[in-house]
Every structure is written in structure tokens, then in C-alpha cells.
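Take a look at the structures listed below.
Both complexes shown next keep subunit A, but they swap its partner, so subunit B is in the first and subunit C is in the second.
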Partner chain A sequence: MIQTILDALSYGGIYGLAALGIGLVFGVMRLVNFAHGELIAIGAYLLIVTIDLGLPLSILIAVTGTAILALLMEFGVFKRLRLAGPAVLLIASFGVSVFLQRFYEIIFGALPLSGQIAPWMAGVIEFGDTTITRGSVVTIILALVLLSAMWFFIEKTTLGLQIRAASSDFQTARLLGVRSNRVIGAAFVFSGVLAAAVAFVLVTQRGSVDPLFGVNITILALVGTVIGGLGSLQGAALGGFAVGATISLLNSFLGNYRVYTYTWLFILVIIVLLVRPGGLISNKAVKERV
Partner chain B sequence: MSDDLLRSNQLPGVTRFKWQQLLGPIVVVVALSYVVSGISVTFTFLTEGTLALLVMVLGLQVFIGNSGVLSFGQSAFAMVGGFATGLLTVPVKIKENVLDELWEPLKAINMGIWPSLVIAVVIGAFFAFLTGLFLMRLSGLAAGIATFALLMVADNVFFNWRLIGPGPQVMPQVPKFSFVDESIILAVIVMVVVYLIGISRRGRLLRATREDPLAARALGASVWRLRVLFFTVSGGIAALSGAMYAHHSGAVSARDFYLGFTFTTLAMLVIGGATSMWGAVVGTIAVTVIGQILLEFESGVTIGGLEITLPNGVRGLVIAAALVAILIWRPKGLTGGREFSLRLPFLSRP
Partner chain C sequence: MKNRKAAGILAVAASLSLVLAGCASTSDTADEATTEAVVEETASEEVAAECTEPIIVGSAMAQTGFMSPFDVPALDTARIAIDKTNAAGGVLGCQLELIAVDSETNPDKAAQIATDLISQGAQLLLVTCDYDVNAKASQVAQDAGVLVIAPCVGDTIMGPDAGLTLGFSLGSAVPGEAAIMAEWAFAEFGPKAALFKDMSIKYTQNQCKVFEERWTQLGGEIVSAPEFSQTPEGSLAAPVTAQVKEIKDSNPDVVALCSYPGGGAEAAAALRAGGVETPIVSGFGMDGAFWLGAVPDLSDFYFVTYASVFGDDPNPKVSELLASYKDLTGNDAATSGLVTGASTIEAFTLAAEKAGNTNGVDLAAALETFNNVDLTAGPTSFSPELHVNVTRPMAVMQIQDGKHSFIEYRAAEQPILN
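Our next item is the complex of A and B:
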């Protein structure tokens, strides 16, 4: 029972981190970034390839590499599409996503690459009768630390203030002197850092990485961002958390019918969109309806 | 608010029927199909598969191009069409042996390819109508995400529900088309339908809602009704594409119509130009030709004594890069979103 709750919390935490990464970029430029999954994948690849250098150095390389790739996406593609609408940006990010998947296939091969990152996380902690995995505890702590760090950064720093301003009204923020490219660049870098954190947790759980490593969690985190409210950062993190926790709980309770978890989840998503097209914590700027 | 991709430069799009706009693409498709399929059996197979994809891209065009609303949901209807025709035409014996968990009444049914295609289209259109009633309330990004959710639901259901299909396995022994002509005829019919419905009164009204929803409503157009209508037509065409694919490859499974298929067909539409029927044709041909050439290189090609072998994955990489490049530098696609014209069909700058 405690393990079920902890699993729900740790799943929720990890999806919350992924959704916040997507929500940060969406907030400043209305881009639903499908290619976030490939940021997670490169983080995992870098961890596995460099793990022999020792964990701290490997994590440093993974975080830096992921942030750099996020910036490359912005400069290579999205910066050139500033005037395009959200639908065009979505298709473009779909293209970037497939491009990077094939790129990883060419560089690292189509087969999974395995490696042991932090094997101690698989161990269990015993409290009297109940045992819980270390992994879920570490994940929850990591998610809490990163979410509070992001909260501090967004609420208390000037750059964070600018990101919030740009999220709620990009044009006005620009007119008031917020340097748009800098803010967008910062949002991409932070989404890259969050992607690396997600990569660390996922790769310790799975022990291997393949070109499609990040696709699944990205689709679900996207859903979380949408449910929570596109354009609202707390909403994104909460929505991601809700999706992760829901999946984990459904998996525990549906029993043999757990294969239909996604069906229920996505039907729920459609209902949420129909009732509140802007998401649960909605932001006027993204509301469009017939 | 505006999406360049989905806006036509020929405001407000083609309004009057012109024979060359309809016959041009048909002549190109028919001639190319016969020439290419005449080369060898492998190329006949390729031609049939490409024609099924062309029908899918046309199905996307009729909805996305005219309404300006992004949709990932058509792949779900292709899945419905593929499964429907599979269940209707696979011999009863095979169903009893391979699909033992299938719903009993479905096991007993068996019919020929043509009636089955009709039923598949009707079922696909019905599902599109049913889901469209709700989904067409949404626009922009919400529509994109909701239709994506529809694709996920369809995939999850077809991948697991053994009462209506093979679940994660493949449905084998779907009867194949005997000749390439059958695929060609179907593709031509769809091209005619897509062109005519595009220039019909309702088509022009829907394009008006794409350009300026408020003004179109002021003219008395119900955006929702028009979108539901075109979504339904689009769903029927997508189902036909899925069914054609099943009869082309002789087997069908849920994963045939998942993210890879969705990406390829969407890329074809965008690369060719989403706002015209000719754009769908050009995009399908261009992506297929590039893909086929790179596939040759992936298996090794000797040029001037130098053997060149590209690693696996280059094909997808190049097509994805082409999609992104088109969005950046030529957002209306290769055709500029225009219909076929004898005057410089490619080179005229928008």
C-alpha cells in the first residue's frame, strides 16, 4: 500500500518534471514541443556513454549536453519560425523529433544501449514490515528539489519574472523591455536541464536507452501540460503530476484491464479539452473555440 | 492567430472548376503509376502502397487544407478502415485458427474486396462523424491535441481488444488486389471527390472560415457544421486508405497506422502544400521518390567504382529535415498551395 502511494508520487513527480519542461517553452512561445522526448533521450544516451567517468561527471555532461541540444533546436529551427502559428510549430517539432530519433539511430544504433547508472537505486529500504524501493524515494526527493528550485527561479529571480511575464502576454512583455530571444533561450535551457533530470530517473529504472526512449513520457507529459493548462507553469507541473499519479494508480487498480489505462486517460483528456479548451488552470491567451 | 501553412495565397482559394486543375494531377498520377509499376513486381508493390498513401494524404488535405485545423485523428480512421476490411474479407477458416478470441458474428462474415471497401468507408466516415460532433468544437492547438488523443485511444483499443481484431498481432491473409489498376481507380475517384468537394459551395465556405472565422460566420456559415461535414468525408477517405493498405500488403495491424504513418502522411501533405489537391499529389510523389532513392543508398549503391552505403535511418532523417526546411523556407509547400497549372507549376514564387 505504501509502495503504491510512493510509486504514484514518484511517477507523478517525474511526469511533473517533464510537463514543466514542456510548459516552460510553451509559455514563452506557444510551442508544444514534441521533441522534448529527444532531449530526454540524449540525456540518457550521454549518461550511459559516459558513466565510466564516474557518476557526478557523467551527470554534468548529460545536463550540459541536453541544455546545448535544447539551445540548438531553438537556434536551428524554432527561432526561424517566430511568426508561425502554434499548429505550424507543433508540426515542426514533430519533424525535429523524428529527425533526432533517426539521428540517434545512425549514431548509437537502433538497438537499446544498456548500462548501469546508479545501481544502488534498485535496492530496498525496510521499515518494519514494509519495504520500499530506494528509486522511488530518490525520485520523489529529486522531483521535490527540482520543482522547488524551479519555483524559486520563476518566482524570485528577474529572469523568472520575465519568463512569467512573457508567458502571460508575450507582446506586452516585449514592449515593456523584456528581451524576447533571451527569455526564450533561457526557457529552452531550463527545459533541457529538466529533461536531463527526467532522463536520469528513467534510465536508472530501465537500464537501457533506444532512439524512441523519450517518446512515451513526452506524449503523456504533453497531455499533462494540456490538462493542467497550457501557458500556466504551475498548471503544467500539476497536470503532469496528475497524469503520472493517475497512470500509476490505474495500473495498480485496473488489474487485468490495465492495458486500457491509456484509453481512459486519453478519453479524459478529450473531455477536459472540450469542457475547458484552455486547460484546468486556464490562460486566456490560448483559448480558441468555435 | 494565422497559420501560414494553412493559408492559401490565392485568396480565397480555387473557386471555379477548371478542367486542367482536375485532369492535370489525374494524368500525372495515372501515367506515373503505370510507368513505375511496369518496371518490376517490386515496383508494382511500391506503386500500390504509394497510392494507398496518396489517398490518405488526400483525406488529410480535404480536412486540414480546407478548414485550416490541424488533425492527427485521421490515422485512427485509417486503422478503422484497415481493420474493418480485414475482418470482412479474411477467410472464415483463418479467422477461426488465428483470431480465436474474435466476436462470434464477426468470425462468420466473409465477402469480396469491393463490397468490403464500401462498408469500410461507411464505418470510417461514421466514426469520424461521431467523434467530429465533439472534436470539431475545438480549434487551433486544442484541436491538434484532442485529435492526437483520439489517435492514442484508437491505437490502445485496437492494440488490445481481441474481440474486434488480432490485438498486438497481425491480421494475416487479407486478400490482395489482383492488379495495380484497382488502386489507381480508387485513387482517381478520391482525387475527383476531393477536388469537387473543395470547390463546392461548402468547400469555399469552409475555406472562408479558415481565412476569417468571424467574417464567415457573419455570412451565415456554421463553422462547426462545415467542419463536421469535412471531417466525416476525410474520415471516410482515410478509412479507404487503410483498407487499400490492407489489401496491398495482405495483412494489417494496429501499429501500421501509428506515429510513423501519421508522421509520413502529414509530412507529405506539408511538403507538397496543404491547401491544394495538387499539393497532396506532389508531396506524396516527392517524399516517395526521395525515400526510395535513399533506401537504395541504404542498401548500397556503386557510383563510378565507389561504393556508397548510407546507414539505416538516413531516410527518415532526410524526410524529417525536408519537412522542417519546407516549414521554414517555403511554408506553403512545393506547390505554393496552388492547384495544378500548366504555367510553371513549381517555380512561381508565392
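Our next item is the complex of A and C:
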């Protein structure tokens, strides 16, 4: 039972981080960035190909590389589409996503690249009859640290305040002197950093990376941002956490019916949206615009 | 004697008409003797010189997408076999020409490509190594009367079961593969087995189903059988901690892991991380070393596959093919499924020689007479009911301390056909 709860917390933590990364960008520019999965994938690729340099340096390269790719997406594609509507941005992000998947396939091959990033995270810790996996404990700690750091940044720094203001009402924030490009650029960078963190946890668990590495978690994290409340950063993190934790709990409790995990997940998602169409923590500005 | 002479004259006439029609004509009315004579005559250089158009081999296999790791190596070895066949004089005196279009693991796109390739004159269509993905393209070929081969499909559905009387696979199918897994593991470790069932695709579902049936036939007991699934992108859909605990608590002698990487590698890692040190037996899905980084220093892991790509396969044809593959691609083979690509062309060549033409119906009839025909993939047999191999010997491989090695070739004593 303890392991079930820890699994739910760690899975929820990873999905919460992924959803927050997506929510940050959505908040400031109403872009549902499907290419977030490819940010996660490049983070994982960089970790695996540079791990021989040592874990600290490998993490530094992965975080920097992922943040740079996020900025490249912004400057290379999305900045040029500032005046475009959300549908155009959505399709553009699809395009970036597919392009990067093919690019990874050409550079790294279609077969997975495998390797151990943090072998110390494998194995179990035993307390009498109870065993818990080290990976889940480390993931929970990492997610807590990163979510706390992001909370501090969003709530306590000037840039964070500007991002919150822009997320709430972008036009008014601009009129009040918030520099839009700086805020959007920052949102992409932090989105990239969070993607690298997710990549670290996932690649440690999976031990391999392939061109579609980040697709599944991105889709589910998007679901999380919707049920959390589009445009709300706390809502995104909460929604992502809820999705991840629910998948993990369903997987434990459904026993040999666990092939229906996703079926039940989406039934629950529909129920949540029927009860709270704006999400768990709705953002008024988004609701009015929609 | 007169009759034989007349048959010979008829055969020459038939073969000339074949050549004039660009090797694409049919001779449905030719009897067995005439067919054999045609083979002899068309083998002569005189007729070969008159072949004006090549035989087109169309490929709608996946060069990108999730099937590409299986399809691309098989397509590469088909290319190698085509070059080798052409150097030896071609098929029915005609050179083979490969036209390969990437179907991107997309069933609809594959069907469009199949239509296009057949309209260009393809007389053999190669399709992707998964029936679910190739079904539409295969049907296009079936409707057009063109032979369609999926080099490494491992499901008996590829053939008459799916209405594909012209559809074949050079793969070794699950009824044989999983029976070998069970028979070998029972002899080595039995009698208590745990199944770790990946429910993501039919291949792995059937693998565990056949394993279980053969295991109980042998007198073994299935002590636990937890399930898991992978995302379409190939990673675990949810943690498997609970399943690993269930297996550990059931105290098995061996774990049958019915899966494929990456989720299969994650599952193997979770078993070891969760303290399950029991031997693990698996199938072709876990062939290759590319996933081993996820479970470093893995030991007591065994799998049944086509051949060894680790330099110790006793079959010289396999060694020769692997060397040619490295020359062509610059890479070592990732998995041994690639032997089926070369065998596809070998089988087509032999069938065309036997049929005396490249008509789909005649080629299928010729293939159905194969009885332990020696191809690179091993002895190959087909029948009117079964267009996939279930009795072919397969390689039993082991991984100890992260290193692969060949144990033995072994055929299923009792394939499980439902």
C-alpha cells in the first residue's frame, strides 16, 4: 500500500512538472505546445549521450540544451506567428513536433538509445515487510523541490509576477509595461528546464530514449492542464499531478483489468470537465476569451 | 519420348511468350512437366538475353515510424539478396528491380503505395512486418493477384486465415516460437512459471497464450500471470511495481516475459530492481542489444529468435549475410529478424523457377509446396493452410553479465496452433 501511494505521488509529480511546463507557455501566449514532448526527448537524448562525462555535467548539458531548443522554437517559429490565432499556433506546434521527431530519427536512429543515467535510483528500500523503490522516493523529492522552486519563482520574483500577469491578461500586462518578448522567452526557457527535469526522471526509469519518447506524457500532461484549468499555472501543476496519480492508482487497483486504465482515466476526465468545465482552478481571462 | 519432345517444344514456346510479355504473363494451363521444362529453358542464357524488362519488386515497408526498426534491416537484406540474385542471372532470366517507397508505418499510406507499385508492374509486393499495419496493403495485392510477402510477420494470420491466399511471411510464427520458449525453459528450469504479459499488441498476447498452453501440456504450473501495457510510443503505460511484487510472491522457477523494448526492457529492469532474480525467458521481441543499457549487467535472461547477430551463429549463411549487411549499411545488425528479408527474395526466386512465371496464384501454389527448403532463415515450409513457419528451428540465446551468446538451434516439438 505504501508503495502504491509512493508510485502515485511520484507519477503525479512527473506529470505535474510536464503539465506546468506546458502551462507556462500556454499562459503567456495561448500556445498549446505539442512540441513540448520533443523538448523532453532532446533532454533524454542529451543525458544518454553525455552520461560518460559524469552525471552533473550531463545534467547541465541536458538542461542547457533543452532550454536552448525551447528558445529556438520560440525565435524560429512561434515569434513569427505572434499575430496568428490559437489554431494556427496549434498546427505550427504539431509541425515542429513532427519535424523534430524525424530529425531525431535521422540523427539518433529509429531504435532506442539505451543507458543508465542514475543506477543508484534503481533497486528497493526495505522496511520490514514493506519494500519501496528508490526511484519513486527520489522522483517525489525532485518533483517537490522543482515545484517549490517554480512556485518561488512565479510568486516571489519580478519576472514571475510578469509571467503571472501575462497569463492572467496578456494585453493589459503589455499596456502596463510588461515586455512581451522577454516574458514569452522566459516562459519557453523555464518550460525547457522543466522538460529536462521530466526527461531525467523518465530516462532514469525507462533506461532508453527514442524519437517518440515525450509524446505520451505530453498528451496526458495537456489533459492535465485542461482539467487543472487552462491559463492557471497552479491548475496546470495540479491537473498534471491528478492525471499521473490517477493512472498509477488505477494501475494498482484494477489488477488484471489494468488494460482499461486509460479508459477509466478518460471517463474521470469527462466527469471532472462536466462538473467544472473551466477546470479545477479556472482562469477567468481565458474563460471570457474562449 | 515423342511426348517429352513435344512438351519441350511447348515449354520453349511458353517461355518465349513469357519473356515477350516482360516476365509478367501467366501460364495457368501449364502442367507440372511443362513447368519444370520452363524452368530449365528459362535458365539458359539464350532466353535471359531476350528479357527486356526487369521484374519489379515493390516495397511498401516502413522506413520510418515504429515498425522501421524491424522493416529497414529486412529490406536491406532483401536488397542484398536481389543484388546476389541479379549477379547470378536473375529470376527466369530477368533482372530484379526493387522500388521501395516508405509507408511510414501508416496502413492507409501503405495501401496507396501498394496500388501505385502494382500499377507500375510490381510482381512481388513486400509489406511491413506487422499484420495490423500491413493488412490493407496486403489486400490490395491480393485483389490484384500479386504475391505479397511480409518478411518477418510472426503471426499465423498472415495467409489464408486473413483471406490472403497470396499472402506469406518468411517469419517464424508465435505458435512455434513460444512453444520453443516453453519447451526449453521447462527442461531447464521448470515446473513453476510466472507470465509477465504485455497486453499492448497481439504478438505478445499470443506469445504468453501459447507459452501457457504448452507449459501446462508439459505438466508445468503457471503460478502468477500479471499484465501490463505499453504506450503506442513504446514505454510502460504505468508503473509495474505491483505486478513485480505479485511475481516475486509467487516464487516461480522462471518468468516468461512476453514483450518488446522499450516497455519490455523497463519490465525486465523492474523485475531485477524488485528483487526477482529468477531466470527470464522471452522471444524475438527482446532480440538485440540496443535495449540492454536499460538493464546493465543483466544475467539469466534467455530469448528465442531467428539467429545470433553476435558473431557466434553456427549457420554460415547467417554469417555471410551479416557481413554483407555491414558492408551495405556500415552497421552491425540490431536484431536477427533481418534474415527474413534475404529469405523473402530466395523464396520468391525458387517459387518463380518452380512456377515458371510470376503470376501471383502460381507463385503461391509453388510456395505452398515448400517443405523444409533451405533458406538463410532456416528450413522453410508452407502449406495451403499455413503461410508462416511454425516448425523452423530457432536460436536460443542467453544474456549473462550483459553479454549475448548463442546456446542452440531448436525446433518446437509441439507447435500450438489454435
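Keep in mind that, in the parts below, the second predicted complex is superposed on the first by the 277 of 290 C-alpha atoms of A that agree within 3 Å, B and C clash if a C-alpha of one lies under 4 Å from a C-alpha of the other, contacts with A are read in each partner's own complex, and residues count from 1 in each chain.
Here is the rule we use: contacts are C-beta pairs under 8 Å (C-beta built on N, C-alpha and C of every residue); 3 or more make two chains touch, one makes a residue touch a chain.
Given the structure is predicted, the values throughout are model-derived calculations rather than measurements.
When both complexes are superposed on subunit A, subunit B and subunit C end up clashing with one another.
When the two complexes are overlaid on their common chain A, residue A:110 makes contact with subunit B and with subunit C alike. Touch criterion met: A:213 reaches subunit C, while subunit B stays clear of it. Within the superposed three-chain model, A:247 lies in touch with subunit C and out of touch with subunit B [touch as defined at top].
In the superposed pair of complexes, A:259 makes contact with subunit B and with subunit C alike. Judged by the touch definition given at the top, the superposed model places A:90 against subunit B, while subunit C stays out of reach. In the superposed model, A:159 makes contact with neither subunit B nor subunit C.
In the overlay built on the shared chain, the residue A:102 is in contact with subunit B and with subunit C.
When the two structures are aligned on the shared chain, A:189 is found in touch with neither subunit B nor subunit C. Steric collision with subunit B, judged by C-alpha atoms after aligning on chain A, is confined to one stretch of subunit C among 43-51, 133-141, 241-249 or 295-303, namely 133-141.
Shared contact residues of subunit A with subunit B and subunit C: 102, 105, 110, 215, 259, 262. Chain contact summary for the complex, subunit A toward subunit C: residues 3-4, 7, 11, 48, 102, 105, 110-116, 119, 122-124, 131, 133, 135-136, 202, 205-208, 210, 212-213, 215-216, 247-248, 250-252, 256, 258-259, 261-262.
Only residues 1-6, 69-70, 134-142, 144-146, 149-150, 152-153, 156-157, 159-160, 213, 223-224, 227, 259, 263, 266-267, 270, 311-317, 319-321, 323-324, 327-328, 331 of subunit B touch subunit A when the two sit together in their complex. Taken in their complex, subunit A has these residues touching subunit B: 30, 32, 77, 80-81, 83-88, 90-92, 94-99, 101-103, 105-106, 110, 211, 215, 219, 222-223, 226, 230, 259-260, 262-263, 266-267, 269-270, 273-274, 277-278, 286, 288-290. Partner subunit A is touched in their complex by these residues of subunit C: 64-66, 68-69, 72, 199, 225-229, 231-239, 241-242, 245, 261-262, 265-266, 269, 273-275, 288, 290-296, 334.
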